[in-house]
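Here come two complexes built around chain A, the first alongside chain B, the second alongside chain C.
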Partner chain A sequence: MMNSIKQQLMNLFKKQSDLTTILLFAAGVLTMPIWLDPIGANYPDLLQKFVIFGIFAVGYNILFGLTGYLSFGHAVFLGVGSYTAVWSFKLFTMNVLPAMLFATLISGLIAAAIGFVSMRRSGIYFSILTLAFAQMFYNLAYSVLIPITNGETGLQLRMHDIRIIDNYFSDPAPGLPSTELFGMSMNGYSGFYFCAVVLILAFYVAMKIFRSPFGMKLKAIKSNQHRMRYTGSDTRPYLITAFIISGMFAGLAGALLAVTDPLAGAERMQWTASGEVILMTILGGVGTLFGPLLGVGIIKYLENIFSTINESVLQQFFSFLPQWGENFMVAIVSPFVGDGWHLTLGILFMIIIIFLPGGLMEGFQKIKKRYLTKGVKDSESTTKQE
Partner chain B sequence: MSEKYDITRRQFAKAGLAVAAMPMFYTKGVWAANDFTNNPGSSSTVTLGFNVPQTGAYADEGADELRAFKLAVKHLNGQGDSGLMNTMKPMNLKGNGILGKKVTYVTGDTQTKSDAARASAKRMIEKDGVVMFSGGSSSGVAIAVQGLAQELGVIFMAGLTHSNDTTGKDKRRYGFRHFFNAKMSGSALGPVLKDEMGTDRKAYHLTADYTWGWTQEQSIQETTEGLGWSTTAKVRTPVGAGDFSQFITPVLNSGADVLILNHYGKDMINSLTQAVQFGLRDKQVNGKNFEIIVPLYSRLMAQGAGKNLQGILGTANWDWQLEDEGSKAFVKSFGTEYGFPPSMAAQTCYVQTLLYANACENAGTFYPPEVIRQLEGFEFDGMGNGPTEYRAEDHQCFKKVLVVRGKANPSSQYDLLDIVKEVPRSEVEYDASIFGGELGPYKV
Partner chain C sequence: MSKPVLKISNVNKSFGGLQALRDINLEIEKGKVHAIIGPNGAGKSTLLNVCVGLLKPDSGSVTFNGGINVIGKSPHEINQMGLARVFQTPEIFPDLSLLENVMIPAFSKRDGAFHLQLFRSLASETKITQEAKEVLASVGMEAKADEIAGSLSRGDKRRLELAMCLIQHPDLLLLDEPTAGMARHDTNKTIELLKKIKEGGMTKIIIEHDMHVVFSVADTISVLAQGAIIATGTPDEIRGNPIVQEAYLGGAEL
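The block that comes next holds the complex of A and B.
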């Protein structure tokens, strides 16, 4: 009797924690324009990048974080998603929903194909296979697939695209059409809020996967796949499913990139883009829910804000110092900003890997632990005194 | 019955769409008649954005463009020796910024990638509030950001971009190009090639695989086939490939006697160097000396390619050794500031900045449709290229084009090009309608 009540309470608590997590998360994401303002990151394009790459990283984490399979070619799905979305804008309608649907489905199909082959191997062989696929897609986009991808110039909207559905309802307006959701423009802040809502939904799905029996299976595969096999459970279908799901997340993110800016270029599929999402995930914390999002925030912030700090900005920043001190500080700091933002990222990455192998989330947990244990010790010492 | 049903369904759909589209019209109506993106209003400064490649195959050009932009801002604000503001005519600039507002600027790195360039341009427009942005070095990037300029209603003054598409099939009302294009390179090179290499040649193209390479290959092919040459092969190469040996080996046994390199920046330096190392220039094919042509190159590339470029023909928009008043003034001003002569990329970017500022002064406002009308059909002189016109139909500048050759005995590290011929405007002009495309609306 007692046990069952306890169980129920536990369940309720757990459910509530899921609900509070998602509510807190939603609040945090939707208020980004407010709390990112002081650090100069409050403008639509960067906000959109934060949430879109957030979706990408959350999806990647389902594969890498849960199963431990390090895919080195996830940017393929980002690119496929973008190309599909732009084609949907060109052929059917400027409405974003069909574009997102097609992008998710097609990247899911391609993920199934790549996953089917790559998942025959694990560890470094799996990574190399995915890398090979990614490189293959990238090179295809620049050669045989140029009729579809428009090569280096990138796939763009044109004034005389077919757009069957839109043109069926109304005559085309002068100038290039812009992407919309039933009349709501996807430029600027409305585009950000739309992407933010999609991120919140994606995060909710990811959270559900993390806490489902399916997620548990994936974690079990990560901890010891051989033991899983010996107990008679076939791991391959689970792995392929995880691969497809994360591929679809990436496709969705790719579609949103095209939604906020209807242009698709193959550089999105380059191996550096695949590397970036790995960096994001590791920087934030592999296998944690929030970690990858933190990683996204840091990398995109460095890329967009740090890279624009030039010497004149630094001179202003250090203008409170005497002239020689100003020059000295500018000389020291300038290699790490502007073009040198990669250097800063590299150093940050090294520091985190060496001291916090579990990423920033491990850092937070360490702080939390220290704070909490300190609290316990304090109370112990006070009881002693008494 | 079914027809009737059809009509009602369609009407229903239209009505539904009209309702759905309402918020859009509503928000558009909020804007006052003459308000526009990033209106500086009563602010005492106005911001320009300079978006250039600081990394990648075109980084050298980007660095020089940035120097030119900074110099232009200085001169607009009345500092320095005023450079081309002494020779430009007609001119309304007063040396007190633009319309009395001090000019400030922000910079960005395009990384020679469309994605990165658009992200950087968006940052400039959304965060830094620029009224105009400029830059270039890759036509792919120029076309991508030009589309963005039209969407967001901010004028883009293209820097170095040489593809026919920029002011051809991808032209935009909000995009302007001072630089020449591949079509003009072809027209200018034709007669010189005929004189020097005759009418019976077999050409082999190596082409950078994007919009610029494609249109240059096409324009040069049209020219050479017009002379009676034949085209052996056209091979596309990836941008930033680094190693071109796999593409050059097949040239040796192809039977071609001319290699046309449609490459730019570091790509051209690499491919030309490798072509020379493979002994192409010492070869005899079909009883003729094997020749290499680089239809577009600059002094910056000549510095990188060194001896390999000696004697090679190409075209240029401008060269620092020109003797007219404008060129001398610009070289002096740039030289005093940085200690070396400017490249043609620098010249075009500097001129574009001044042209935009002047158009604002003429219009008396920053309101883009008015500024655009001032630039369209604007005729000017004293900027280093002789009498020049911004053609209204496609926003392309028409002026003379230089045919150049790598100098055999350079007297200094900057004295690398001989000007073979200054081709007058009339010989490179073409009909604006041949490339198709539409400029789009003034007001967005």
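The block that comes next holds the complex of A and C.
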């Protein structure tokens, strides 16, 4: 009896159908406010960041994880998505759907152009090309493109924006309007739940791609591009398609950043932002479905929670110790929190790269394997005894 | 006489000062196994590289299936024409499972050079999965279908690569030393396999150092020495050819 339940549980973990995976995933995402509460991460602003950067990372993983092409310029699409969304709010309507649609399409177009050129090269040269494009866009945003980006001030909503569609149906209300979905405001928790639903859909798309012949072909290109060509596949259009899809995911994430906070600035396109998504993906596990999301969780948690821990918080935390012990612990831990969170991230990153080059997911895989094989052996030995 | 599957005419290729191929002329008939033998550095691999578009010859022409020009075409186009190749150093997908390794070429054959099917589920590809399992079984590796290909022995990698080519049912299969680096009993297994495919009527060019292999599978043989073909004929003709004996076989017992 126990064994059969165990067996079923094992099967559940071994071979997940698309449906089980997406249901488990949706449940996990939608209950985030509950299970993130004990670690102090249950506030809308951070929850929104988790899911939005989750979309960014899931999309990035379609390129980097499946094809192995390391783009250093994906923050461009995040920025383009934000600018496009804010323009949609300014010109047409505060409804978020058109903004997201335009952002995704325009990011896709720009990704097609950048991908077309960058995919002429592979390896480090590809990375450098994407980096060059990203820096070009970043600098243009502060110069030639100021009419579109509003330079250093950033692109914001204004009272006298034309907003053709909204103003056609109703007179403009006093004050700056806020983003909405058919009347539902996109602030606070409703904003989080909306973004969470988008993440679930985005994850579903990524999962379908991972588990399609197309995804398998991308993995084959990563594994041996030379062989892939002699096997009759033209690898370039496959690679460009992967680049465009991941660019569209990034554009969508950028749009959601603007949905939850209708403001777009060029700093979103800086190379450090591109670097961050690489860190997230590697930390969690390149080429795994869930890994990048884990990476997002850890980095955003460190960035937002660890960075706010100061000495008084630490003193409180260690107050159960005698005075000298408290001082000692605070002195040891304080360099790793507050502004020192980068140090924690750096150390964590090094430990993972050295011991688990496949990221945290590799660690889980190892534990699971050990547990499962042990479980099977146990049940085998009990059967023999019977 | 039926039209040749592959026609190589007046091909020359040099690397810097080294003339790797001199005025090569060769016709491969449909359904025949043609072996190319010759000492190390004779230009055998170079000749195959020219045929699959990996190298562009300095002059001459290579045509496939009754006149389709091969030179200047990209590798995937040449494969789509119906020409598959096993490389001298095994070229497989080391990070994928054996089954996936064999499924990929089947997809390429079915889908063409590029085909967008983002949401088709792998689980629904029962036909190709089944075919891949059968082909793996035909090379004796069905038990390892779920293993990662990178961990295979060299001999197994070669057989896997052969399976990857076989699933495409190419009009012409090029094999560059399919038994190199294999233990004796592995070699025998591969010979059996090659004989079996031969019965299927697939046209092949095979480069091989192992004379045992050559004489047991080839219909015709060409001997390459210093970039030039010095003799072409049936196994018996080659065996008895004094020029060949001197240039290559060096009196070795055949």
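The definition used in the following text is that the second predicted complex is superposed on the first by the 359 of 386 C-alpha atoms of A that agree within 3 Å, B and C clash if a C-alpha of one lies under 4 Å from a C-alpha of the other, contacts with A are read in each partner's own complex, and residues count from 1 in each chain.
In this text, contacts are C-beta pairs under 8 Å (C-beta built on N, C-alpha and C of every residue); 3 or more make two chains touch, one makes a residue touch a chain.
Source: prediction; values computed, not measured.
Undergrad: Under the stated touch criterion, which partner chain does A:G151 make contact with: chain B (first), chain C (second), both, or neither?
TA: It touches chain B, and chain C stays clear.
Undergrad: After the superposition on A, what does A:F320 contact: first (chain B), second (chain C), both or neither?
TA: So A:F320 meets neither chain B nor chain C here.
Undergrad: Scan A:L263 for contacts with chain B and chain C and give back first, second, both or neither.
TA: It touches chain B, and chain C stays clear.
Undergrad: Quick one: is A:R211 in contact with chain B, with chain C, with both, or with neither? Answer first, second, both or neither.
TA: So A:R211 only meets chain C here.
Undergrad: Can A:T231 be said to touch chain B (first), chain C (second), both, or neither?
TA: second
Undergrad: Which holds for A:Y142: it touches chain B only (first), chain C only (second), both, or neither?
TA: Only chain B; A:Y142 stays clear of chain C.
Undergrad: Considering only the touch criterion stated at the top, classify A:Y371 as touching first (chain B), second (chain C), both, or neither.
TA: neither
Undergrad: More chain A residues touched by chain B or by chain C?
TA: Between chain B and chain C, B touches the greater number of residues in chain A.
Undergrad: Quick check for you: in the superposed arrangement, does A:N304 touch first (chain B), second (chain C), both or neither?
TA: first
Undergrad: Going by the contact rule at the top, pick out the chain B residues touching chain A in the complex.
TA: Counting only chain B, the residues touching chain A are 13-14, 17, 20-24, 27, 54-55, 106-109, 113-116, 118-119, 122-123, 126-127, 139-140, 143-144, 147-148, 150-152, 165, 208-211, 236, 238-239, 438, 440-441, 444.
Undergrad: Going by the contact rule at the top, pick out the chain A residues touching chain B in the complex.
TA: Residue positions touching the partner: 40, 43-46, 49, 142-143, 146, 151-154, 156-157, 159, 169-170, 174-176, 178, 180, 182-185, 187-188, 261, 263, 265, 267-268, 304, 307-308, 310, 339.
Undergrad: Where on chain C does chain A make contact in their complex?
TA: Against chain A, chain C makes touches at 52, 74-76, 79-80, 84-85, 87, 91-96, 100, 103-105, 107-109, 111-114, 116-123, 125, 164, 168.
Undergrad: Please name which positions on chain A make contact with chain C in the complex.
TA: Residues in contact with chain C: 18, 205, 208-209, 211-217, 219-220, 222-224, 226-235, 237-238, 241, 245.
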